[in-house]
Amino acid sequence: MAESAPCVLVVSAHAGDFVWRAGGAIAAATMRGERAVVACLSYGERGESASQWLQGKSLDEIKAIRRGEAEAAASALGAEIEFLDLGDYPLTESAEAVARLVDVYRRVQPTVVLTHPLSDPYNGDHPAAARMALQARILAQAIGVANSDGAFPSQSEIIGAPPVFFFEPHQPEQSDFKPNVLLDITAAFPRKRAAMECLPAQQHMWSYYTDLAVRRGVQVKRNAGPNLGLAHETMGEAYMRYFPQVTDVLT
Amino acid sequence: MAESAPCVLVVSAHAGDFVWRAGGAIAAATMRGERAVVACLSYGERGESASQWLQGKSLDEIKAIRRGEAEAAASALGAEIEFLDLGDYPLTESAEAVARLVDVYRRVQPTVVLTHPLSDPYNGDHPAAARMALQARILAQAIGVANSDGAFPSQSEIIGAPPVFFFEPHQPEQSDFKPNVLLDITAAFPRKRAAMECLPAQQHMWSYYTDLAVRRGVQVKRNAGPNLGLAHETMGEAYMRYFPQVTDVLT
Amino acid sequence: MAESAPCVLVVSAHAGDFVWRAGGAIAAATMRGERAVVACLSYGERGESASQWLQGKSLDEIKAIRRGEAEAAASALGAEIEFLDLGDYPLTESAEAVARLVDVYRRVQPTVVLTHPLSDPYNGDHPAAARMALQARILAQAIGVANSDGAFPSQSEIIGAPPVFFFEPHQPEQSDFKPNVLLDITAAFPRKRAAMECLPAQQHMWSYYTDLAVRRGVQVKRNAGPNLGLAHETMGEAYMRYFPQVTDVLT
Amino acid sequence: MAESAPCVLVVSAHAGDFVWRAGGAIAAATMRGERAVVACLSYGERGESASQWLQGKSLDEIKAIRRGEAEAAASALGAEIEFLDLGDYPLTESAEAVARLVDVYRRVQPTVVLTHPLSDPYNGDHPAAARMALQARILAQAIGVANSDGAFPSQSEIIGAPPVFFFEPHQPEQSDFKPNVLLDITAAFPRKRAAMECLPAQQHMWSYYTDLAVRRGVQVKRNAGPNLGLAHETMGEAYMRYFPQVTDVLT
Amino acid sequence: MAESAPCVLVVSAHAGDFVWRAGGAIAAATMRGERAVVACLSYGERGESASQWLQGKSLDEIKAIRRGEAEAAASALGAEIEFLDLGDYPLTESAEAVARLVDVYRRVQPTVVLTHPLSDPYNGDHPAAARMALQARILAQAIGVANSDGAFPSQSEIIGAPPVFFFEPHQPEQSDFKPNVLLDITAAFPRKRAAMECLPAQQHMWSYYTDLAVRRGVQVKRNAGPNLGLAHETMGEAYMRYFPQVTDVLT
Amino acid sequence: MAESAPCVLVVSAHAGDFVWRAGGAIAAATMRGERAVVACLSYGERGESASQWLQGKSLDEIKAIRRGEAEAAASALGAEIEFLDLGDYPLTESAEAVARLVDVYRRVQPTVVLTHPLSDPYNGDHPAAARMALQARILAQAIGVANSDGAFPSQSEIIGAPPVFFFEPHQPEQSDFKPNVLLDITAAFPRKRAAMECLPAQQHMWSYYTDLAVRRGVQVKRNAGPNLGLAHETMGEAYMRYFPQVTDVLT
């Protein structure tokens, strides 16, 4: 595996998920000069575009609209985005989809992975995305697993063991989402807000996720150690680390 | 609360626990020039001194022996140690004991706290120590809770919200101990080994806990991200973070 | 979505499940004048018809027998029944099967859904039925998900968010079935018993599930509030509510 | 036991808890003409009155201030309140305190009980209050358990089995709080807000708990069945039902 | 520790518990010629003697009646019984009570321990009994823990590590009771029934626990391996093993 | 079903798993004169053969090498082995693969089944193997489920309900592996070590799994009852029993 520069890979089931749920982490990374890549598995064209269906738009029109919005939002966050167009509602797991994700991992060489949690009683696409993201991460580590073009990877193409963080689902307690990482996104929040505003059909979500950032920000302050001196306007995002943290300092 | 320098407080039920279970973290801290303080709640005089009882020693003799060993081990780790002499088997929770721990917290101003996990079917003293450590940590934060001398604390005496890590129990799976932090203690391990060797009555534990450090070291490597370049002789300790991690970077 | 009249939809893996496990709830609904529809995914022809196989019957004969029994039992409960004939042992999840269930949901417009719990170490068909029932419920809510004939649904065809209740598996503790709803089926029990007696090959189950109704009835009484005045012959069924209860009164 | 009229008993660790966490349920009950009684175990004088300690007030002054505020808030909710003055930080469990709660139960004859959840890593007083509330509820049911004056209860004095609901802790996921009841408090919210405004020292909490009511209101709508027609301004409170719901209709 | 002959120790909160919940295991042991000792912590005089209180009996009368019944039941099972008379509702944990149980362990030298599970939302005495039984078992192993007369134990007085089994609570799912051992009590059942009939005030329980034995017997058959040849009239009891099973054959 | 002689069936995802994780149990069985059969689902050719890929070997060469090693290891354990060659990384679940396993079950008539646990965040093939092993076990019990050649089984071909034990994953705590059976493999360990040495490419694993046997051996001793008299060189393996143990003696 290569000695990779810091790079966050976000595996998002639908076109909006990476904005609402991980926009702060993404913007914080790009503001540090790091690379961020969003792998958007579907446009959310069937399950998360009700207003456009009610307007009588066609499937292709809806996909184009959603793609455009997602590109704008990614841009506002400073991130690259690529679309796998796997379809939604349901997002179906397949060997082919996983193989394409393996290629993404090997090309991007992420040092951090963000995706959905493994449980969500309200949306089956989210856990499906997470399962594929996790399976592809393991396969991408193995030198005996070919790329999707059939060629075996070089030693620099396989990946290491990047940590995985699950971002927050819509109803966290019902999804067994117990945050074990609270991320301070205060400085990055204006970019997250700008990215949210690239999604005009879901304007009611702008304030919903701003309120959530305030709520998680309160928890950032409550859980912070004595030396952090966090001010009251702290904004936060909640994450659930899937593998143990590896460190040489307990803090 | 004061702007504290880094300082680890270890709340240990018995005289040996801090060595076997957290010696690496303690030595790593002191090797970085940080302060480490062990609050040793009992000498383990009844429950963990079988060989001395079989030799016919008296309770006072055993307590003196164990105290001496623990002082030597703490010294080998570069740590301070104080003894609360609360008795063991059972270690009994009491308002008085908690009040004394509140004083310790306020005096020491820890930035990190290490203690036992909350469940251990093989030893009731360990969860009792953890419960008291956690309760005292909360009480020490409150300006309305008096010190044990009856005086109310100054603003610089109350503490912040230091993170708490549970160290590894003897039978982790039976104690619902699922590590979420793997600490690399490779550089600190020689001091941990030296501290273990200050406990001559438990010589069979020296190799047991050396083997465990190797085992946890393998997991450090397995879970490490791609840039760490960990060598094969990595030694580790496992911890369970009790409160969410607060951070501004996901790594 | 339509303003639906009360209607219970029961998604049953095999021909007998809805009788043993939810017959009381079904009969209680129809006795209140409500509609009840059973979607029977298979006849249980391979996995739950051992005595007929031992008699040398053919697959088609067994399916016909089981269908007839299920129709009689549904009738005894006052319920409609439809058969999807998806095969059992194993009941295989597929996009096609889910699409057919989406049609059922949209046609039936259930206000309550009953199905198997998500775990059952003794029978893989039961969780498979539950997963399909849950997935279809979500897809049926989305106006962008076409009916199985390819036409997009009207606004009155999509469904709302009916509550889902898991009925009791054969070995509840092993299936992580922790009832959070105890249903008083005293008045409905004679109809449940009559429905059970439509299944002659499983006569030993009649008393088994009568005893279970007594057992759950004891728990109904134990958990009832002080004003219910339940008599001693209370009969019960246990359920596990999957989504939070929405209410404007706590009782 | 008596045939009790509807009556909600709220067991609150500190003077403010019942307002922030259950004010909507209380106001909704009293607006229906039901009785509501708050048993306030302490004033929160040590642990939740930092600003008053910083102003140099004495313990007695702080208790008086907190008592006055709690009386005003209870009044705004239409509820009665009584103070057990058991002390806080820590709130200590004792046989005497439980015996006094047994008296409260028998005198009040609650048909619903609200209290704290059993886990809260941030505040040990909350679980202590819950444990005492639960233990007293069981003891109050037993005719062989004397009242605190030593007299044995009459049959009309013992209580039945009122359902228990845990209200929401400050950090729900960290407290293993998985709501299984979402209460619509839209109509009651103005009274809850008025009650919150009786607690001037915690003005920052007014907006925090208003935002939370919006958030839980969104979940009320998301989880509601198809016939509820809930408007967008729905306000909610989350609860965790401790014992199974007993019912004769699944809805 | 001594080379003990097989001996089962049953720690029972109230006078009836050992009969309803573990009578089969006890009778099976004594029918094999093994010793069985019941340590009965209270008579259940306050919490489980409602009918006698309603008859106007005094506390002392009730205790005498319950003691007599328990002695008769123990005798029917072939077991010894001793009464600690610690009081019930609540059964209060104390160092003194645990010390007396340590004496019992050392005197009896059990090779198997049966007691209540650690959770029971309907009865706080049951978990209290379990906690004391478990704590005393650990203390009794330590040569540094004195007997209650102050003398330190000899090597033959301390105990080993007898396995602990929790017997079935009244509402198993609500008490997180997931049986991992199903005991065939077919041969012992007549003695269990005879013991139940020594408790005339709870006659309705005779059939309740007979039905439960049938139910658990069905599960014995369902879970049995292919060589057991269990007949249809199998009777069973369910247990939850607390510590890992130690064995040299997997069966 | 037949009255089977004792026979252990091991369902192993890759060629090495049965050696590292269950070699002791297998050797212990064959040393007792029992039959042991390993069903090896893949050779681990892609995911667990990195060194051979780095040497430039072809897929077929690697499969042949791994097959030879596994045959040698099985022979050292006294076990038969058959290869299903289903492919790895990913090991894909399919109806065909399960059908072939059904044939294996019916042919082998196992009285004990060993396989992987159901969760492993580090390797998706392991849970896939377990799910197929469990599903096939259920299907093989049903007389209505045909063999893979289309013929329906005779009564002697279907199987009973053999107990299932999950063997230890690489990182047990992360895989929710809580051992409830500790197997003493002291006498069998030399054969396990010999089998490990048949896998030369993974020489670093020999000491790793020897150390693990020592560690589990310490737990065997700690959890053993007082009469076992286990010596200090005890070696162990940890297992998780999936279904309840059926027994007529509690030990």
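Worth pointing out:
We call the chains A, B, C, D, E and F, going by the order they appear; numbering starts again at 1 in every chain.
As a convention for this text, a residue touches a chain if its C-beta (ideal position, glycine included) is under 8 Å from a C-beta of that chain, and two chains touch if they have at least 3 such contacts.
Just so we're on the same page, UniProt names per chain: A, B, C, D, E, F = PIG-L family deacetylase.
Fair warning: this is a prediction, and the values are worked out from it, not measured in the lab.
Counting hops only between chains that touch, subunit D reaches subunit F in a minimum of 2. With contact taken as defined at the outset, subunit A and subunit C are each touched by D, F. Steps from subunit C to subunit F, taking the shortest chain of touch contacts, total 1.
Between A-D and A-B, more C-beta contact pairs join the chains of A-B. Equivalent interface to A-C within the set A-D, C-F or E-F: C-F (over half of contact pairs identical by residue number).
Chain centres here are means of the Cα atoms, and by that rule the chain farthest away from subunit C is B.
Of all the chains, the one whose CA centre sits at the greatest distance from that of subunit D is F. Averaged C-alpha coordinates give centres for subunit B and subunit E that are 37 Å from one another. One finds 53 Å separating the Cα centroids of subunit B and subunit C.
Distance between chain centres (mean CA atoms), subunit C to subunit E: 38 Å. Along subunit F, residues 122, 174, 179, 219, 222, 238, 243-244 each make contact with two or more other chains. In terms of inter-chain touching, the protein chains here follow a pattern that is not a line, ring, star or complete graph.
Pairwise chain contacts in this structure: A-B, A-C, A-D, A-F, B-D, B-E, B-F, C-D, C-E, C-F, D-E, E-F. Residues 95, 98, 134-135, 138-139, 142-145, 152, 155, 242-244 of subunit A are the ones touching subunit F in the complex.
Contact residues of subunit B toward subunit F in the complex are 122, 170-174, 176-179, 208, 211-212, 214-215, 218-219, 222, 238.
Residues 1-4, 8, 25, 28-29, 32, 109, 111-112, 114, 159-163, 165, 179-185, 219-220, 222-228, 238-239, 241, 243-251 of subunit C are the ones that touch subunit D when the two sit in their complex. Of all residues in subunit B, only 45-47, 49-50, 53-54, 59, 62, 89-90, 92, 121-124, 174 touch subunit E in the complex they form.
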